[in-house]
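Shared between the two complexes below is subunit A, which pairs with subunit B and subunit C, respectively.
Here is the complex of A and B:
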């Protein structure tokens, strides 16, 4: 069940590419698409330290953080991300991660399990298209959007 | 965490001028003191090490020979987090992949001068028994240990380090016996950083180029190379070539003599051949105009740098076709990818297979040239008509100084690149693919491209919009980003089956 653009307008998402990673294109297209669908998007861009995601989420009272990583070192960069959120008082924030999340071609089930264990609510494999992300966000955030889902 | 001290020397105004010797010595001393392995570096000893290597392991010499003999050399990318894994990789690429040039890609912490994070990555990799870093942490290992890698292969070695902060990595790489080094001030700063100013990036690469020139003074001709692939996302040839010219002029200013130009493939045979031809011609035109008449500028063609498909078979077609494009275009070398590209960093075996596929394609296509084809001539002419007005404007904005002109041009958007992560680029220019498969410019932003040339681009893109039933807007550019990663059912269906 999808949300209306008005409902989405009450939801704030923080996006960015984590760590020393400069792959901006997919993240920028995702951010543009989410905005077009009605979400409020705070786009931090490439080369964003984990702390900056959390700082931005606090400042904007964000509902979800969407972390991109394309260069393989995401596993090191994302370690402790959920704990940092909890320490910062963001116990309930929804965390997504997506991209090429490990070095090399590994079984997606293993990779997904690894990131779920790290505290991410969902992990998305390489090649995920924006409508799929919107569907998941609508589903996961409908409780926060207020009013009945359309 | 190591910071990013911008070691702009005192009293040295920003310009394209050669850095004076005494100031460069001071810059080097400060640079080498930033990490313990810097103390291992002795320039005279390192130059003697290079001179003692056989010619066929010296990339400056190998690139010149390949050009003379009309060869298209193959080179992959590749880096892992420990010395042992990296040695296995390089040996495999040399022996099983028949690579003509063997690479060492550094990890992203090293590229961003976060050497403490890189040290942690080495430990984590050892613990996990697999590479947790996306490259080889060259500064942490230092030149003495890293020479083991150069000695493990029988080909020239090149450092690949996508960064705007190459000062210490280049010192270590050259001292370790690497005779090639990829990277440049404008291209990498505009495509690999967010906050570093173009000015800082150019200054950092002036340091690297000045260092290469020091080796030249000692009798060692290193191969420097410019990464014109930029953000790797649908870069029209004219924009790549503009960065080639600017970075080549900056390098020549520091005394570099052997300077390669890289171009990402558009995947259109005619456009790629025209781009390869015009990159060299136009770069030489501007080098000579500014008084540099002895710079060797071979062109390297790069396998598709955008998003790749997830199907091995589709990837293999891109790999083979990429070898074909490079050979027909007359590139002196081709940089390869593999069937693992969509998933990130390939295994040594997949990487070696990509090399062999490419090598066979180069062999098959090696005698074909498009010189007399009208479409080829038209594209060459269009590229020149896009490049010259912008390049002339950049030089004018700098009152003849290309470094200053570049800063001002980037600020004003006169020089621009698509999809840049940098806060210092306008990134208003927007490319898209036309109905015939050429990359065109949908929106040139503030770039002074003549109106009739832009009309030509727009006409071609309108044809595509009409064919695909798309509005003539930015969506054309966005859909072009993912096109090549789509599956075959989408790209080329069998549309006549029963409903």
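Here is the complex of A and C:
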């Protein structure tokens, strides 16, 4: 069941491209699409260090962080991401990651499993369409949209 | 005396300084000085200073404006509290410094009982409480307000955090008898800085309460208003000079370096956006009018730190003095912080200290670029303000005004090929504010902007080496 734009307006998402990765196009498309659907989006852009996602999420009391990684080094850049969130008091935050998450062609099931193990709630393969992302977010965040989104 | 005149008063920590200004001619009529007597009766020092001025002028004119600034009784002592160190805590710090405060504490994240008790014991004049973007984090600012209220904090608090809960936070504080007021959030949106409302609120509290708390209002019959802390007046002066008005074209982006006895202050009036389109701005954007205070770079109260910061070997090379002689100079200064140089060697030593302080202070103030290696090759990232294109650098402070090496000293503020990542001014005009007039310009900025600008243009000289018309023994900051 999808959320109304009003409900989404109570939810804050932090987006950005992690590490030394400059591939901004997909992340920008995604951020704009999510904003258009009603979400409050804090877009950090390209070349964003992991700790900056977390700092932004603290100040804005974000509900989810959406990490993009396109250039193949995502596994290195995302290592310890969930632990850093827990350290910063964001143990309940929803974490998504998407893009070209590994070098070359590998089985998606393996890739997904590895990112799940790192603490991401969901991982998305290349070519993910934005409406699918909105559906997932609505589903995962509906518990927070009603009342206090802490 | 041709026409209207103004009396400008600086209630300083050591002296009460007066300047009488001819508003039509834009010239200094005379100056007077007395001791600072805030701790007993402010009137005593002010009377002495007025007497001094009267002697200089023959008689005191009927002043059109009588405006004052104050850095008396330790200046405007502030503590700032925010959430993330690099975000709202930094925004709060920048706002307080920009308002001319002396920062005695800067905190981030949740305060402990001990932190809060420590702050209360410091007895700041004002506390600036930030945290959370609008609609963002509420938990920390609420928590911190509770802690501060419980700790028995006595000073006024300006709440400049998440607007969703700002009123609640103010109520919590008011419940404990604290004068708490809500101002606009210093960071209304992520990475968007808005320090002006907080600065205005600080100014209001300063005028309404601090002037009284410091006993300055006992002399209130003798002036129209104490408008702001002295460092804020310097900042306002620099802003007016940069902007200009219909009658006087602005000077554009500028940098002010004030080398004092206890601190070296740097003000920049410039956006500082990346000059090249391929450079990516990173981190918190900084305010157009930015002030930094280097408490470890004072010519008299921490001369030894200046040498240590430069590195003793480097200082030996740069100054041309042996380590032993440097130590002797420092010992003499430490024995008498009021000491003025008495011979050429001492003047050379002071100039070396000042070059070092200026270089370090401007480097800390200015932004920098870093080359990040990505797989395709290098990407240039900018932190802070790019000041390379700043057109004017104005120096002030005793060592620049009274020494004979002002040009050399100010050159230390400039871009350095060997340290090309530091975005300091490349080809500015170097100016000296001989009469410490920027603060006067700031005080007159609202009441008489034309006169203020005329005065600035007459008194801030373009050829530092030649113009030396200091009118007082020491600059207020020295």
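The criterion applied here is as follows: the second predicted complex is superposed on the first by the 146 of 150 C-alpha atoms of A that agree within 3 Å, B and C clash if a C-alpha of one lies under 4 Å from a C-alpha of the other, contacts with A are read in each partner's own complex, and residues count from 1 in each chain.
Methods note: a contact is a pair of C-beta atoms (placed from the backbone, for glycine too) under 8 Å apart; a residue touches a chain by one contact, two chains touch by 3 or more.
Bear in mind that the values here come from a model prediction, so they are computed numbers and not experimental data.
Visitor: For A:136, select first, second, both or neither according to whether it touches subunit B, subunit C, the two together, or no partner.
Guide: neither
Visitor: Once the structures are superposed on A, label A:71 by its partner contacts, choosing first (subunit B), second (subunit C), both or neither.
Guide: Both subunit B and subunit C are touched by A:71.
Visitor: Of the two partner chains, subunit B (first) and subunit C (second), which one does A:21 touch, if any: first, second, both, or neither?
Guide: After superposition on chain A, A:21 lies in contact with both partners, subunit B and subunit C.
Visitor: Counting only touches as set out at the top, which of subunit B and subunit C does A:104 meet: first, second, both, neither?
Guide: Touch partner of A:104: subunit B, not subunit C.
Visitor: Quick check for you: in the superposed arrangement, does A:47 touch first (subunit B), second (subunit C), both or neither?
Guide: Both partners, subunit B and subunit C.
Visitor: Considering only the touch criterion stated at the top, classify A:58 as touching first (subunit B), second (subunit C), both, or neither.
Guide: So A:58 only meets subunit C here.
Visitor: Spot which of subunit B and subunit C makes contact with more residues of subunit A, would you?
Guide: When the residues of subunit A touched by each partner are counted, B comes out ahead.
Visitor: Which partner does A:84 reach: the first (subunit B), the second (subunit C), both, or neither?
Guide: Neither partner.
Visitor: Per the definitions at the top, what is the overlap between the subunit A residues touching subunit B and those touching subunit C?
Guide: Correct list for subunit A: 20-22, 46-47, 71, 73.
Visitor: Please name which positions on subunit C make contact with subunit A in the complex.
Guide: Interface residues on the subunit C side: 83-84, 86-88, 131-133, 135-139, 187, 189-191, 280, 282, 372-376, 379, 381.
Visitor: Note which residues of subunit B are touching subunit A in the complex, please.
Guide: So the residues of subunit B in touch with subunit A come to 107-109, 111-112, 114, 117, 120-121, 124, 130-134, 162, 191-195, 231, 233, 307, 310, 340, 342-347, 350, 419-421, 478, 481-482, 485.
Visitor: In the complex formed with subunit B, which residues of subunit A make contact?
Guide: Where subunit A meets subunit B, its residues are 19-22, 24-26, 28-29, 32, 45-47, 70-73, 75-76, 100, 102-105, 126-127, 129.
Visitor: Could you list, by residue number, the parts of subunit A that touch subunit C in their complex?
Guide: 12, 20-22, 40, 42, 46-47, 55-56, 58-62, 71, 73, 150
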